[in-house]
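My questions will all concern the structure given below.
Residue numbering begins at 1 within each chain, and the chains themselves are lettered A, B, C, D, E and F in the order written.
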Amino acid sequence: MNNLILRVVSKILIPLIIVFALYVQFHGDFGPGGGFQAGVIMSAAIILYALVFGLDAAEQVIPSTLLRVLASMGVLIYGGVGLVSLLFGGNYLNYTVLASNQIAGQHLGILLVELGVGITVFSVMLIIFFAFAGRGRI
Amino acid sequence: MLSEGNLMFIAVSLAILVTMALALARALMGPTVYDRIAAANMFGTKTVLFIAVLSFLSGRMDLLDIALVYALINFIGVVAVLKLVDHGDFHSSGKEESKAAEVDQC
Amino acid sequence: MAFKYGVLLFLFWFLLSGHYGLLLLGLGLASVALTVFLMKRMNVIDHESYPIHLSAHMPAFIVYIMREIFSANIDVIKRILLPGSNPISPQMLELPLPQKTDLGRVIYANSITLTPGTVSVNLDKDTILVHALAKETADELATGKMASAIPDYSVGQEGR
Amino acid sequence: MDFFIGHYNYWIVIILMMLGFYTVISKGNLVKKIVGLNIFQVSVFLLYISIGTVTGGAAPITTEGVVLYSNPLPHVLILTAIVVGVATTALGLALVVRIKESYGTIEEDEIHECDHSL
Amino acid sequence: MLIIDILSWLCLGAGGVIGVIGAIGIHRFPDFYTRQHATGITDTLCAMLILSGLVLQAGLTLAALKLAMIFLFLFITSPTASHVLANAAMHGGLKPKLDVTATGGKS
Amino acid sequence: MIDVIIDVTVLAFLTITAVAIVRMTNLFAIVMLFGIFSFLSAVMFIGMDAVDVAFTEAAVGAGISTVLMLGTIALTKDRKEKYPGGHRPWLPLAVVIVTGATLVYGTLDIPAFGDLNAPSQKHVAPYYIEKSMEDTGVPNIVTAVLASYRGFDTLGEVVVIFTAGIAVLLLIGGRRRKSDVAGQAGEDDDE
């Protein structure tokens, strides 16, 4: 898009949106937020980039193959945390065994699980957007 | 839950509700589709203010994060509309002058 | 450049966070690093996304624009409430863009939009199309007083 | 009066639900059907959250000196449901796009005509 | 303390009133482009007054900082959104109703 | 009192918006009104103390859903609903009224809104509220329940999202061949 104002303002805003999304991701323990919201906000930042600078530019920043890998990786991180806790002798997705005491283990587990959720939501939202936006392109 | 507290916050939240009602009326009446989009955008800004006031009314500062989200990403919808009007799709990068989508104006 | 930018973003995180444990600060650093990496890939780290070189001129500009916003608001409110004595006369006018940098142009256009009564409709290479609510506001904008108040310095000639 | 105050929330939720339902079953345009489905969805979210609300309760984030919280369980269910809802809505919209590509229309009546004329 | 309270109440009250006036404006003005100016009132002065009233209430806390950020972002995004919308309307072929009696300006 | 006023007003706005969406025929306008609907529901969630839900609704409603619907409109090229009246509105109307009446009849036995002694507040929620801090050390109870107590549930949801993403990719992902586009919309698979 050839709109100068939009280009400059998006340049200023996109990094702020991304940092904010990551803040939401990691502060889900204390206030409202968590992986689901963070993934959506982060993908909104990339969607803004794609709308303003063109879809091709956005696909160069985050290639679709990488997105597909990330989407599966998020689910794998989630499942993997469960598996690791199984290996450590706990129940599936019981994070208590991940660290020396219960609080630390739970905290670590929740952090990792939320990370997996965030990655999956982010990449699936972007996959969906790229599919819609790229349709009809030859 | 909201506490009976500061009269001024209550007054302001009611004033914002009135503003929202008028913006909603504009969104319903149109007449052009751009009026509706403008009203929706204005509604978004008023939601930011409303949530900010609500956070003081209920004493929960966490709500400011939600207001911040709206302030940051509310205008993406408008950008999408411009892209649609200019190019007719989301994938052209802007160099070529593709045919614009005709938007019905009512 | 990227490093300074990262410091700025980390400041943003720091102000948002409100929790200053070691873990969260580390995560903050990681987040900022990821953001800067993405920004580098997007190729958007330049003096437009990071207008620190204007910071010396910003306070004066902010005071100016606040005053303008205030008086313009009063004017439009009068036109809404007393349409009899303050009629509207919508105008379209094309103004020259004296700013040399893109950032200056954007600040100018956004300042025009920020003051109610004038909305910038289209931005061309060196002209700007403005919709004004009344002839008086259009005339005032055409004097170019606002254009000269915009901080417009490219990186070489900043007056720090 | 107490009864009314205690239940208006549910009733309006039901009205919204029925508006969405009506859009889905009576309108022919597929995009509009999906918007109707979304209205229905939001009303279900509102119903769940209404059930979990406690008068005078705080949002379920542990803070010093607060003892009464709203029920966190519906929040968890709906929080995930919203994002899942968007993903499934996108799936529906993708189907609409494919229908448009092979039938050339997104009006239900014309799709039926196409099917019968085969 | 009392002075700050009164000041913040004044800000909040004025903000609310101005918001309502702006909303009346979007019903009084004749066409899309003129309505944008009324929307501008609610986006600028109204938001400014309400947020500064809240900042005065919050005092020197993290909440005040977040309010200041909301304020800053609103002031970056809202004129951009207005401009983008006006631009889209122009490209979409919506003609503004201009005052033909007044001279000057562009055709 | 004020919370009741805000609740009722926002609910009224929601109803008005929904009625307008049902009656409107311009798809652009419908999408924009749906954006307003989403704002209102976020405010409603805040009013009912569901901060996390409101956050999600805010992010989704402002960032994603509008863009996706506009993308669909752009692809299908239809700007207006063609048969706004429907053919016979009476049958669906009757169905809707009967269903609605049944549901209202069902609410008569529901405990009042905000009742602390409702059965739904008595079952597992008190345990979560009491124990989550000492079990997990996470102040946000919603996060604790989401990721720890009900981790399986969330795992399922994430897989659903993942599957939806794959399905969209299968349906409309990938570029179309030139021949498909030339010979009018591709008849079948074009991957």
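Here is the rule we use: a contact is a pair of C-beta atoms (placed from the backbone, for glycine too) under 8 Å apart; a residue touches a chain by one contact, two chains touch by 3 or more.
As the structure is a prediction and not an experimental result, all values here were calculated from the model.
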| item | value |
| --- | --- |
| Steps needed, at minimum, to go from subunit B to subunit F via contacts | 1 |
| Chain at the geometric heart of the assembly (C-alpha centres) | B |
| A-B compared against A-D, more contacting pairs | A-B |
| Chain separated most widely from subunit B, comparing mean CA positions | A |
| Distance from the mean Cα position of subunit E to that of subunit B, given in whole angstrom | 12 |
| Centroid spacing, where centroids are CA-atom means, of subunit A and subunit F in whole angstrom | 21 |
| Inter-chain centre distance, subunit E versus subunit F - centres from mean C-alpha coordinates, in Å | 30 |
| Rounded Å distance between subunit D and subunit E, as computed from the means of their C-alpha atoms | 32 |
| Multi-partner residues of subunit F (at least 2 other chains) | 49, 51-52, 54-56, 59-60, 62-64, 67-68, 71-73, 75, 77, 139-140, 142, 146, 154, 161, 164-165, 168, 171-172 |
| Contacts with two or more other chains, residues of subunit E listed in rising order | 22, 24, 36, 62, 66, 69, 73, 76-78, 80, 83-84, 87 |
| In subunit A, residues with contacts to at least two other chains | 3, 5-6, 9, 12-13, 16, 20, 24, 30-34, 36-37, 40-41, 44, 47, 51, 53, 57, 121, 124-125, 128, 131-137 |
| Which chain pairs touch, all of them | A-B, A-C, A-D, A-E, A-F, B-D, B-E, B-F, C-E, D-F |
| Touch list for subunit B against partner subunit D, complex | 1, 60, 62 |
| Complex contacts: residues of subunit B adjacent to subunit F | 1-2, 4, 10, 13-14, 17, 20-21, 24, 27-28, 30, 33, 36-37, 39-40, 43-44, 47, 50-51, 54, 57, 60, 62-63, 65-66, 69-70, 73-74, 76-77, 80-81, 84, 88-90, 101-104, 106 |
| Footprint of subunit B on subunit D - complex, ascending | 55-59, 61 |
| Subunit A partner contacts - residues on subunit F that touch it in the complex | 51-52, 54-56, 59-60, 62-64, 67-68, 71-72, 75, 135-140, 142-144, 146-148, 151-152, 154-155, 158-159, 161-162, 164-165, 168-169, 171-173, 175-178, 181 |
| Complex contact set, residues of subunit C against subunit A | 5, 9, 12-13, 16-17, 19, 24, 27-28, 31-32, 34-36, 38-39, 41-42, 44, 46, 48-49, 51, 102-103, 105-106, 109-110, 120, 123 |
